[in-house]
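In what follows, chain A forms one complex with chain B and a second complex with chain C.
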Partner chain A sequence: MSPPDDIDLTRPQFIGAKVMRREDPRLLAGEGNYVADIKRHGMLHIAFRRSDHAHALITNVDVSAAQAMEGVVAVYTGADITRLANPYQATSRMKNYQATFIPPLAVDKVRYVGEAVVAVVAISRYVAEDALALVELEYESLAVLVDPEEALKPDAPKLHDDLESNILAAREFARGEVAEAFADAAATAGGRFHFTRTTPVTIEARASVAEYDKGTRTLTLHCTTQIPGIVRDKLSEIFDLPGPRIRVIAPDVGGGFGGKTSLYSEEIVACAIARDLGKPVKWVSDRMEDLMTTGNAFDEIVDAEIAVAEDGRILGVKADVIGDVGAYSIYPWTATIEPVQVVSFLPGPYRIANYAARVRAVATNKTLTGAYRGVGRPISVFVMDRLLDMAARKIGMDPAEIRRRNLVNDDEFPYKAASGLVWDKSAFQACLREAADGIGYDELRREQAAARADGRWVGIGVACYAELTGVGSRIAVAPGMPINTGTETCNVAIDSTGAVTASFGLASQGQGMETTLAQVVAEELGVKVEDVDIVLGDTASVSHGTGTYASRGAVFGGGAGILAAKAVHEKIVRVAGHLLEAAVEDIETGNGDVRVKGTDKSMTIRDLARALYSDMGRVPKDMRDEIDNLEATKVYDPFFGTTTSASHMCLIEVDPETYKVEIKRYIVVEDCGRVINPLIADGQAHGGVAQGIGVALMEEVIHDKTGQVLTASLVDYVVPSAVEIPSIDVVHVEAELPGTVGGFRGLGEGGTIGAPACIANAISDALSPLGIEIMEIPATPERLFRLVEAAKAD
Partner chain B sequence: MTAKISITVTVNGTAQAADVEPRLLLADFLRENLDLTGTHVGCEHGICGACTVLMNGDSVRSCLTFAVQADGAEVETVESLGSIDELGPLQQAFREKHALQCGFCTPGMLMTATDMLRKYPLETDDDIRDGLSGNICRCTGYQNIVAAVRSAADKRDGK
Partner chain C sequence: MKPAPFDYVRASSVEEAVAALAASNGDAKVLAGGQSLVPMLNFRVVDAPLFVDINGIEGLDLIEEKEDGGLRIGALTRHFALETSVSVRDRFPVLHEAMKHVAHLAIRNRGTIGGSLSHADPAAELPMMAVLLDAKIVAAGPDGEREIPAGDFFTAPLTTVLAPDEIVVAVDLPGLPAVTGWGFEEFAQRRGDFAVAGVAALVTREGGTVTNTRIALMGLHDTPVRARSAEAAFGESGIEAAAVAARQDADPMNDLHGSADYRRHLAEALTRRVLTAALERAAQ
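Coming up: the complex of A and B.
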């Protein structure tokens, strides 16, 4: 969108506008630059031989035949990488936490199927893969732990000999008098909930291209990461290289969803080999590797109970969470990130005075779990909102009504939730109200009654949630983590050609940040959106930044961008005041020009830059000494972060023949603060809900008793296609803006947080005549069939 | 290594001759030999559809097709649909409807949709969803992709 020529500078000009994405032309024309597209002169290809045992001692590694194969350049084992890379682990100051070392290539022992054991380097990927078959590995099997309840027993065999047990983290939360609350209850409800393991499935699997310049001793890693800054900082320690000599670049990245927010073994191995051989090397994951090795999601068992009064008020909630975190504690987030988040967010947007929860993160012989869209909160909401519906059924109250009675009211903010999190003002009640209006809740209830009278399984789902987004330095994204995720940097610079560049430590994986951040900076600076170049995903661009995760891009990027642009704007105004002979208060900028208000005196910012940088004499020396340049670097710390909230509602029908769940209507009403670009904001909700639907109905990573992954292809691990996802209505509530710079709240994860609970509630509602409550997801046709059969047998 | 086979494939209107191993995938031939990296590989086992190209006018999975099978054939890839500066009508519709986020599934979506638009009336949005059901997008929730194909179909039909 370009503004009209006769300038209307009414602000906001760009924030809130449906600006078409600048990323699109290159991506649509097939001219994107993804890691797999990168080629270098003399580039070699890496393939990994991976463990087919879930738990075993490596008794022999013989790489001689592979090494001898034509086209193979080198073969590396765990021992080789130990020589080339310092060991690392994800530490945390959290009490009762045990860190694990994560060997980039297994040494002595393998702990999950898919763990990399040997790396073959060859002239082509075809040859490298051929050579994998020639690597000879011998193992001695160890007892395999796939059941976290077995793994946490005191006498269970240990995955890591140096640790005290397989319990990598444990934590308890308590507020109020839970026992009394339950004693006073009109009704209690609960049971064992199971949220199975899923995996991100970005359509672009992970990839790395590493290069080492021997002359300058510089390592460059192009990789599919959401966290270039975190990767760079850790590689600096792993390879004893100073930051400036490691450059991590995330070019176009084909989706992240949290799966690309961890440091991965293959990235370290690629760097080690590039440095060792002095040659560019490339590794591109195939889908089977991706499904076996990319940080898995969720996987918790939650025993939970709710106590309510006759009027539906929540009296108390208790929960005991066992998180199956896989073989190692993932870097940098640690094994705590997923399961601890379940208990800290479980009270949700509701007023709960009495809460007791315990969580244990347990190591098993499975792929590591890490961050996936929503992290912990999809389960919190699943459990909490299922509990509410179960309690509502017992006291004969409508699900929307019980929520209305328990959601924190507008006059109660800031509200300290039962787990200690503080919600700043967010439209909890308005979201629920507008969702009910939007979907026509009362009418749907009447239609449902009619359908039910005809024996049809039609259900309505409701779920509400709150999440902290743009979390600042006050709280770490994962408890006790030693890295800073609470600030982000932006540099805005107008160079001697007059061009504007805004550089960030963030990275984009499809969120359209080149567009939204240009909107924000252009707005503040008074230039055209298309005249702001955005640099993302390159550690050479700012001195500190971590990346894009945890719904932080808009809050941090928008905030830092505004601060830096403001500082540059001030410099522009001062120089313009001199050049246009006017008071600085009378100077305004817009569409790339500076003007004296109410006059026709103006100049372009480009000319102003030339005057400052190049045409000596136009700006006096003392002013130049003071201004230096048209550039500013600012760091934004939102300190607490801000609350995003939403209500989801849906209408579903279960087919009595196939047990397939058809989603007929779906609405999301969210308060994500000020919307930068409605096209992109809606797209985030659509995609988030679609992933939530996958989690609710079909996606599940399945291991057999020996720890083999039974879902190592997209035939077996099913993600939704266009026929399973309905059209989704998205409404943004225009409530009071939060105190973040720019008034933005994060919105990337919400869809996935609300959808599993909403759909599980709808299915339970549909099957309530049979007394069925959905306690385990995904609610596959097979699970539903079994539940119905069991209910009928009763 | 196996003996190479000489093939000639017409890719986006240009005849391309090469000696290739019989096991070379068409996707790799396009991406590695011809530098046409617009065709993406998302699974290499025929499910995701990211690698979809048209071969003699029909959509095929280039990850399940050997380059030698394309000998003598006409292949169309995303690069044939338009350029950065001059997007074709379907690409333009994708842009206007915000039908892509990360863009990784997009070339496959565009080629599948091109095939659908050439061959089928696409009377309802369900027809479009059915047609796209062999292409996975993990970012968009499909809604805007359906809208983009609908818009292109309407234009095609002079609506």
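Coming up: the complex of A and C.
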């Protein structure tokens, strides 16, 4: 696929430039405007009484004492919210899928620890929390399901009485002749992999401020969401209000990582209460609430096996995935999003003719799982790239070499992967090659041999992946889900003061989109980057938009921004042709000016805007009627989306006494197409790898047998800090550009996708003299200690 | 995560603070640096009707050099002051090293020595240093001051012998013998976290022979403790024997950050490291 002919790729002035992030001075100086900063006259505060039972019937709710407390304005139960908000669920057209209703406040039954049961509204958060203790709740305990393998049994107690079982989704994939492939294999390898549950920890926890204007009957919700458009559309149904009377705004948001891509109960409750009381209300999650209730991630058990030929060729792969999705099927993504992606992406960037996989998404008495940076793919890559290393060890082949032999080659694109996904051309082999060159792979192998001779546990990790980014309308981000994630809108407008504003349905959580999208629009319009204002995260600014998730910001925002800016550029050129008395082909823009090529005739775009809008007579009426204004709205649909690929390599050393893993070198070589801003692209890789390191070595949400969350503080849920993150080399391979408008590929999630597998492979490599394979992460010192003790005992 | 209502008194003298504590029938809490207390307050783990703020008391933040080579350290001395004190670095290099491991800089700027000792976290550096260095903890109560040997001060996790109306005002560290080498090792997966396990050692040599050995453990018992059997084994049979014996001195818990087995393993590994380092330093 080559880029459309009418997109000019030859004059990058700003695209590819290291433009400093324009949002940083504001955010770093404490001048950002976060939801918690919002104050309104007469604003009330909400605190939630949450379930301390994982599974129980609610037999009695008595809020009278709380209600009577001084400073308490109102107390809401599940029954109250049922009266104020229509029920909703995440539907899907996928076969074998069962949707669950998600009550914003629990009604009759609680299904996980932390589920909101009662909302207290008071004059301050202090008073609201004091009153929580006065809410009297009585429960009758039910059997708690924390083990998904127990929960999927036919005779297991059901979390949702109206469903057939706890299996919320099931799907199978098959290609080729897997049994034969395994029969013909020179070697097979595999086992049970466990990728534990994590949670996307953001600096800013979730928060909402809801206001209802009785006069105009308009609801405004400021919240920390990544998906303002999706939230607005659903609130419209939940509250029977037309779109124009609901405005959802995501102001400055301190990190999302997928955790803020779902509709949350607290957002609905805040809106219901604001509308009911006619008063502004605020809820700001504390860290404990955030760790217990923000959509958790991953949590899969994968039984997988690989068959290889003597020359290292992959003959076949089989996998059986059990995803522990928690208590409800999350809106809008459904319970399918994480586990089904595991099997869709498991074949990865490799040539695999024979593949059989099954996946089941199982409800348990835990927090809902949702999207987290990488969604499914961190596990796919962990399993697939671990399998490759295990197979390579069996046939005595180097891990980099077995990948070189199996990665799809440049002349094989577009390549239809075993699960049916189609990879457009991406630099699979070049990434591997450059990563090996960049880290000095062969030299590291020599150093490793010397270190091993000294009894040191030094290991080298390799992992390769491919992902679909900027996924258009042809395929949904989650199979069969009820919303369109395949288009995005941009409006570019030059107003009567000559100022440029570009508005998007996207929302920013710190990715630097105010900078990168301004670069893209400025490039196309021929104005200065600093003269383009970017509006994000406000449903009032475009008629349809969903938000920022699934590595789509650059592809969709960049694409829609180029299309809209191009349309405005055409208008500018036409008006300029008249004003400068030249043919439109001779007009060019740059630096905020319009010029007649090869002459000194020019004017500013600002003056051109004044001529069109204000100085009647300078532009004739028939031209004004035709042009209307210097504004255009464009919707971009990349249809298929595009492939982003990368190779990660690292060098680690395990301390043989404390079992601490030190990451000594790390390199990422990725093909994210045309790089808009290398500073920001590098930052995305750095941040993603940092989170991947947390997932690989530290982070785990732990529930006890009764479903209590043992990791409800940042003392016990361990995320890496700056000190634990090594220096990370990032190389961007701008190979052949994809067919997306602008030639961009998405890159937000890649770091997290590659790092867990890369590090797990490195640790396995380091401990290979002991015969240890890392099958479960995080590979904490405790787990490594137990593996080594067991290996020594053998 | 907001605290329940409470009363607040800012004391300007030790006597005033003690009187306020005594008047509260044992329900009041002392507020010093607030680095453990305030989070517990916000989590509503601690619910006290009265907080007695001692930050306004003058003269409690001194580090005084003693003639025996020791130091008197006032209870309101901040961790950062101790970490950067030249007197501490010169007289107790092991303490100087340990202070670098106390949480993070922002916490070290506010947290106090008296607060850390009174809080008595078994995985914290200062209580363990007090035990290692044979510190005397000076507490003031309604009947005046008393000195409590560090070895008797800690009774259980987050529990000390302090009466509800007593506050720590200072800690006395007796001087170390001239040729004393030291070692300190702490293991935490993340820099600044509470130790999964930590071991410190002091080895004194006179004329080429080891005359005194002290080994202390943190995160390995319900209080910081001296590793008596490891100390004895070291004197009799050397480092290896001491490291193995340290496993017996440890009586660790299972928690999210490490099993008892892993912690015993760390006790052995870290004891080996600190004794090796201490011996080397004592030889210099």
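Keep this in mind: the second predicted complex is superposed on the first by the 784 of 794 C-alpha atoms of A that agree within 3 Å, B and C clash if a C-alpha of one lies under 4 Å from a C-alpha of the other, contacts with A are read in each partner's own complex, and residues count from 1 in each chain.
Everything below uses one rule, namely that a residue touches a chain if its C-beta (ideal position, glycine included) is under 8 Å from a C-beta of that chain, and two chains touch if they have at least 3 such contacts.
Predicted model only: the values in this text are computed from it and were never measured.
Legend: residue contacts after superposition of the two complexes on their common chain; A:723 is shown touching both chain B and chain C. Once chain A of one complex is fitted onto chain A of the other, the partner contacts of A:287 extend to both chain B and chain C. Of the two partner chains placed around the shared chain by superposition, chain B is the only one that A:28 touches, whereas chain C remains out of contact.
By the document's definition of touching, of the two partners only chain C reaches A:658; chain B does not. Chain A has more of its residues touched by B than by the other of chain B and chain C.
Of the two partner chains, chain C is the only one touched by A:780; chain B is not. Applying the stated contact rule after C-alpha superposition, one finds that A:573 touches neither chain B nor chain C.
By the touch criterion defined above, A:715 reaches both chain B and chain C. Contacts of A:126 after superposition: both chain B and chain C are touched. Contacts of chain A with chain B, set against its contacts with chain C after fitting on chain A, overlap at residues 126, 286-287, 713, 715, 721, 723. Residues 1-5, 43-44, 187, 189-194, 196, 256-259, 261-262, 265-266, 269-270, 272-273 of chain C are the ones touching chain A in the complex.
Listing the residues of chain B that touch chain A in their complex gives 1, 21, 23-24, 31, 35-45, 47-48, 50, 77-79, 81-85, 87, 91, 94-96, 98, 100-107, 110, 126, 128-130, 132-146.
The residues of chain A lying in touch with chain B in their complex are 20-21, 23-32, 34, 36-37, 39, 70-71, 126-127, 200-205, 252-255, 257, 286-287, 509-512, 679-680, 682-683, 686-691, 713-715, 719, 721-723, 725, 727-728, 751. Of all residues in chain A, only 125-126, 129-130, 286-288, 657-658, 660, 697-698, 702, 710-711, 713, 715-716, 718, 720-721, 723-724, 780-782, 785-786, 789 touch chain C in the complex they form.
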